[in-house]
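Structures follow.
First subunit A sits with subunit B, and in the next complex the same chain sits with subunit C.
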Partner chain A sequence: MSSLIGYYSLIFGVGVSILVIFFSIKNFNDTQKLDTKVISLVFLQLLFVIISFSGLILSFVNSDFSNETVFNHSHTTKPLFYKISGTWGNHEGSLLLWLLVLTLFIFVFLLRSKNQPKQYKILTLLFQQIIIVGFFIFLIQTSNPFNHVFPVPKEGLGLNPILQDPALAIHPPILYLGYVGTSIIFSSALAAVCSNNITKIWASHIKKWVLVSWIFLTLGILLGSIWAYYELGWGGFWFWDPVENVSLMPWFALTTLLHCVLVLEKKLILTSWVVVLSIATFTLSMCGTFLVRSGILNSVHTFANDPERGLYILIFLFILIFLSFFIFLIFHKSENNNSKTFYLLSKETSILVNNWFMMYFLSVVLIGTIYPIFLEVISSQKISVGPPFFNKLILPFLIPFMLAMAIGPKLKWIKSDIEDKIYLISFFVISLILSVLIIRNLDINFLYNSILITAAFYLFFITLRDFFLRKYRNLSQITAHFSFSILILSILFNNIFSSEVITNLKINETYQSQNLKINFESIEQENKQNFKAIRGKFIVEDQNGLIEVMQPELRIYNQPNIVTSEADIKTNIFTDKFMTMNYVQNQDHFNIRYQVKPFMIWIWISTILLCLSGCLSLIRKKYEN
Partner chain B sequence: MNILKFLVSVIFLIYCFSSDLKAKNLEIEITKNLRCLICQGQSVYDSDSEFANSLKILVEKKLNEGLNEKQIYIYLKDKYGDWILYDPGFSKNTYFLWLLPILMFIFGGAIILRKVILKKKNYELS
Partner chain C sequence: MKTKIFPIFLIFTFSIIFFVFYKGLQNTNVYTPTIKSEIKIPNFDAKEFFSKDKINSDQIFIGSDYYLLNIWASWCVPCKEEHKYLMDLSKKENIKIIGQNYKDNFENAKNFLINLDNPYDLIFLDNDGTIAIEWGAYGVPETFLIQNNKIIKKIIGPLNEKLLFEIKELTQ
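For the complex of A and B:
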């Protein structure tokens, strides 16, 4: 029943789309005010999508296996929380969620932009409706979440156990808020181009949307990362996996756009660049959906493989790109250049430098992700592009990037000389000494690593000092750059100082090395709602005599029948202790992996701080002094 | 000056802290750069599959035979093809892969430089 309501709501939703388009075109020239009818229709459309989405959730909650999506991705023994999160843990449901966020955002956009010109609002609505209709058709045609199964099965196939996790349950909605937020930026940029409305007011208006998308995208990536860390069982948090890269690309574009919009808000320069970036950001988000959903990528994350869907998104994507560049070329008038001046040492230049590096990082990730696909198509040679490639091309460039991040914000808007040079230089010397001290005893490339850490420390100290002096009053900027420095520092230290032990142990056996003792004490079994847990108990003693009890777990899920390994992680502010255990085939041994990972928690904290800095900027009325 | 004092004490702390750190394990380094061919997007190091475990043993054996990191990569590449190495290397297949981002970087730098210099000239002229 709820499936039926859900399906018809979708159909009605498309109908409303046509009405919205009709009335907004009618409204375009006839009055000064935006017709309230249009707003109510947009609300009606949102309502239909909400009903449809609720219908799907209800089917999942009631385990209504006459619905194909529910049948494929749910099971009666699954806990309620994962029944609900299962709604968007699959292709059809996640697209419905996309659509929900699309309609929600355009409604909020119309409410929140009362003071904007009417024609600009209508144009934004029209462009957004094109995207919305595209998604409606995509849903109804190729990935209907409400397909019937007959005869009705007694039991569903179950949700992949590695997806049954709180972080991953909320990861897709948060990430989608970020992805779909870029659609508003896209529509609004195109509308601004068409109605010749690219002004400083537009810039500060769209900045909010850029910030909101950016915050959600950052949070979404963070959640995915945390999930990978404790669920995939290898203690890593980023693998330069194609699906991870795909979410990182719009992030780079958004970050660039954010900085650009800040300039545009002050001075009317770089307008074409802002429009191109707005288009690129949304295109990259769509590409993300395309690459993940088409199954082109060979990766852990590809749960839905269907070429027909991929083809549809690809065509839709090309139409959108074509349309947007067409509009850009026809309508865009580039700014009058004569009156604006760039100096070598000015804030505009430092923002251009930011753009320059961001675009470089973006191109590395983009090329690294799609090059293997192209090569395989053209020459049918399979190559892997993994962490070594990205590390080689990105890490060295972080050095000048972080130095520029430290100094850039200190340059005043037009022309400025670098003040208090003594501090700038003494901080550099201190950072250098620090990193040399840290690196000196290690068996790694001395010069390279110490310079890298120097740059990170430099950014850290400079922003820390700015924070305490409050000389430069832009708190959100300082916080953002500061948390970025902590992020890079903790990633570097985590990488350099991690240590681990891999060994096979039986119950009551002890592993002993110079500075570590692991005793496998006991094992216990427990039956949970939809899995059986086998929990080991290990006593770990380090060289200082510090004792820690670790209890990693094996979970044997009954539906589908999969064994997952749950890490036990002991976190404190300095280091994470991480242990997983696995079966060794045909033996009574267990494979034990014990890792000590310093500064792990700081990677999460710094990213959360980064999001907070975005929120700070959002609630501030006036940016900059 | 308080900041400087604080920094000096941090330096001292880290000095004490950093004295006993050990070398990285080469076997782990190598297996991290190998793709587990039967898994989805996992390295040999990360994976627990039979294939990954046998490769771990193989790498250990080759290391004991006295092969260095590069020789092991070449050996595995001959046996399993390029697909197994996460580091694509620099060959005729990958010229564009490596050079395109660098070219983009140079190109971007040139645009910015031109913008800054040209604008400066314009300003001085007017």
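For the complex of A and C:
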């Protein structure tokens, strides 16, 4: 029943779309005010999508297996929480969620932009409706979440156990808020270009949307990382998996856009950058959707392998690309009012430097992600691009990037000199000495690593000093740069100081090395609602005689029948101790992986700080207004 | 004129990307390695264990003799378990046992062979694990039975009585 309501709501939703488009065009030139009819229609559309989405949630909660999506992805013994999160844990449901966020955002946009020019608002609405209609048709035609199964099965196939995790339950919605937020930026930028509305006022208006999308995207990526770390049990947080890359690319574009918009808010320059980046951000999000959903790439995230869906998104994606491209070419006037000369030492230049670095990182990730597809099509060779490629191409460029990040914000608009030269130089010397001291005794490339860490420390100290000296002026910027320096520092230290032991142990056996002793004490079983847990108990003793009890778990899920290994992670401020246990077929020993990963928690903390700095910027704006 | 070249170039680039993605979609399928009973062995260069001389796989696997390639490491506990079976097989005249020392410390590996005896006719080094990737190995220990440059049997994990018997049967 709820499926039926859901399905018809979708159909009505498309109908409303057509009405919205019709009334907006009619309303385009006739009055000065935006017709309230249009706004109420947009609300109606939102309502229909909400009903449809609730219908799907209800089908999941009631385990209504006459619905194909529910049948494929749910099971009666699943806890209620995962029944609900299962709604968006699959292709169809997640697209419906995407649509929900799309309609929600355009509604909020219309409410929040009362003071903007009418034609600009209508154009934004029209572009957004094009996207919405595209997704409606995609949903109904190729991935209807309300398909009927007959005869009705007694039991569902179950949700993949690795998706049954709290972090992952909220990861897709948060990430989508980020992705879809970029659609508003896209529509609004195109509308601004068409109606020649690229002004400082527009910049400060769109800045909020850029910030909101940026915060959610950052948070979404963080949650994904946390999930990968805790649930996948590979002992890392970032694997340069194609789908991770796909979320990182819009992030680069969005971060660059954020900086450009901040400039545009103060001075009318970099308009082309802003427009192109607005288009690029959304196109990259869409491109990500295409790469993930078409099954053209192989990754942990591949949902379904349906070329028809892929083809649809591909065509839709390129229609949007070409549409925005022509609009940009025809309507965009580059800023030619008084020729702007950029001085070498000015805020503008440092923002430009930032832009080009970001574009470089973006293209590295882009090439690394889609190159295998190109190679396969052209020469039918199969390759996969892994972490070494990205590390080699990105890490060295972080050095000048971070130095610019430390000094850039200190510069003034138009032209300036560097003040406090003594501080800048002395901080550099301190960072250099510190990193040399740290790296000295380690068996790694000395020059390269010490310079990299120097740059990170430098940024850390400079921003730390600003924190206390600037008296909370530009607090959000300082916090953001500060937390970025912590992020890079902790990633670097995490990489350099991590250690790993892989061994096979039977019960009561002990592994011993120079600085570590692992004793496999016992094993116990426990039956949970939808899985059986086998928990090992290990006593780990390090060279200082510190004893830690680790209890990694194996979970044998009943539906679908999959064994997952649950890592036991002991976290404190300095290090994470991480242990996984794996079942070896036909053997009485278990494969044990024990890792010591320093500064793990700081990676999470710094990213959360990064999001907070975005929130600060949002709040401050409100306060000033 | 100059301003027109750029848009045309961009349109051209995007069209190519579209085309490639479109083609890519059609041969889309999840990559599954084909499992054939007899796979040709890879060709690789490696260093000999003791002398550190460079050696090519062509010089190791010659003619129609039986070769048993064993991937091992001193840190690998199951490798110690299967060692007695390798010693047993080393007594057979018609099998040459080749060791591939995987991601190991030379001193530890040498001590391993001194303490437990050396079943191998020849050992080469695979310090970074890349040769194991060439073989398509999952981990250590792993054992391949080879004849005429073809893999006849692949054993994942340590050898045991049953597998030992099977290898002896195959090489009769």
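As a convention for this text, the second predicted complex is superposed on the first by the 617 of 625 C-alpha atoms of A that agree within 3 Å, B and C clash if a C-alpha of one lies under 4 Å from a C-alpha of the other, contacts with A are read in each partner's own complex, and residues count from 1 in each chain.
Everything that follows uses one rule, which is that a residue touches a chain if its C-beta (ideal position, glycine included) is under 8 Å from a C-beta of that chain, and two chains touch if they have at least 3 such contacts.
All values derive from a computational prediction rather than experimental measurement.
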Clash or fit (per the criteria above) of subunit B with subunit C on subunit A: clash
Partner chain in contact with A:M359 - subunit B first, subunit C second, else both or neither: first
First, second, both or neither for A:L329, with subunit B first and subunit C second: second
Touching partner for A:N29 - first (subunit B), second (subunit C), both, neither: neither
Partner chain(s) touched by A:N527 [first = subunit B, second = subunit C, both, neither]: neither
Touched partner set for A:K382, first subunit B, second subunit C, both or neither: both
Partner chain(s) touched by A:D443 [first = subunit B, second = subunit C, both, neither]: first
Touched partner set for A:N572, first subunit B, second subunit C, both or neither: neither
More subunit A residues in contact - subunit B or subunit C: B
Colliding region between subunit C and subunit B, picked from 60-68, 96-104 or 114-122 after the shared-chain fit: 60-68
Contact residues of subunit A, present in both the subunit B and the subunit C interface: 298, 302, 382
Complex interface listing, subunit B residues touching subunit A: 3-4, 7, 10-11, 14-15, 18-19, 21-24, 28, 32-33, 35, 40-43, 45-48, 50, 81-88, 93-94, 96-98, 100-102, 104-105, 108-109, 112, 115-116, 119-120, 122-123, 126
Contacting residues of subunit A [partner subunit C, same complex]: 290, 294-296, 298, 302, 305, 307, 310-311, 314, 318, 321-322, 325, 329, 373-374, 376-378, 380, 382, 503-505, 584, 586-587, 589
Subunit C - residues contacting subunit A, complex: 7, 10-11, 14, 18, 20-31, 75-78, 157
List of subunit A residues in touch with subunit B within their complex: 232-234, 236, 239, 241-243, 298-302, 338, 340-344, 349, 352-353, 355-356, 359-360, 363-364, 367-368, 371, 375, 379, 381-389, 393, 397, 426, 430, 433-434, 437-438, 440-444, 461, 464-465, 468, 497, 499-500, 565, 582, 585, 591
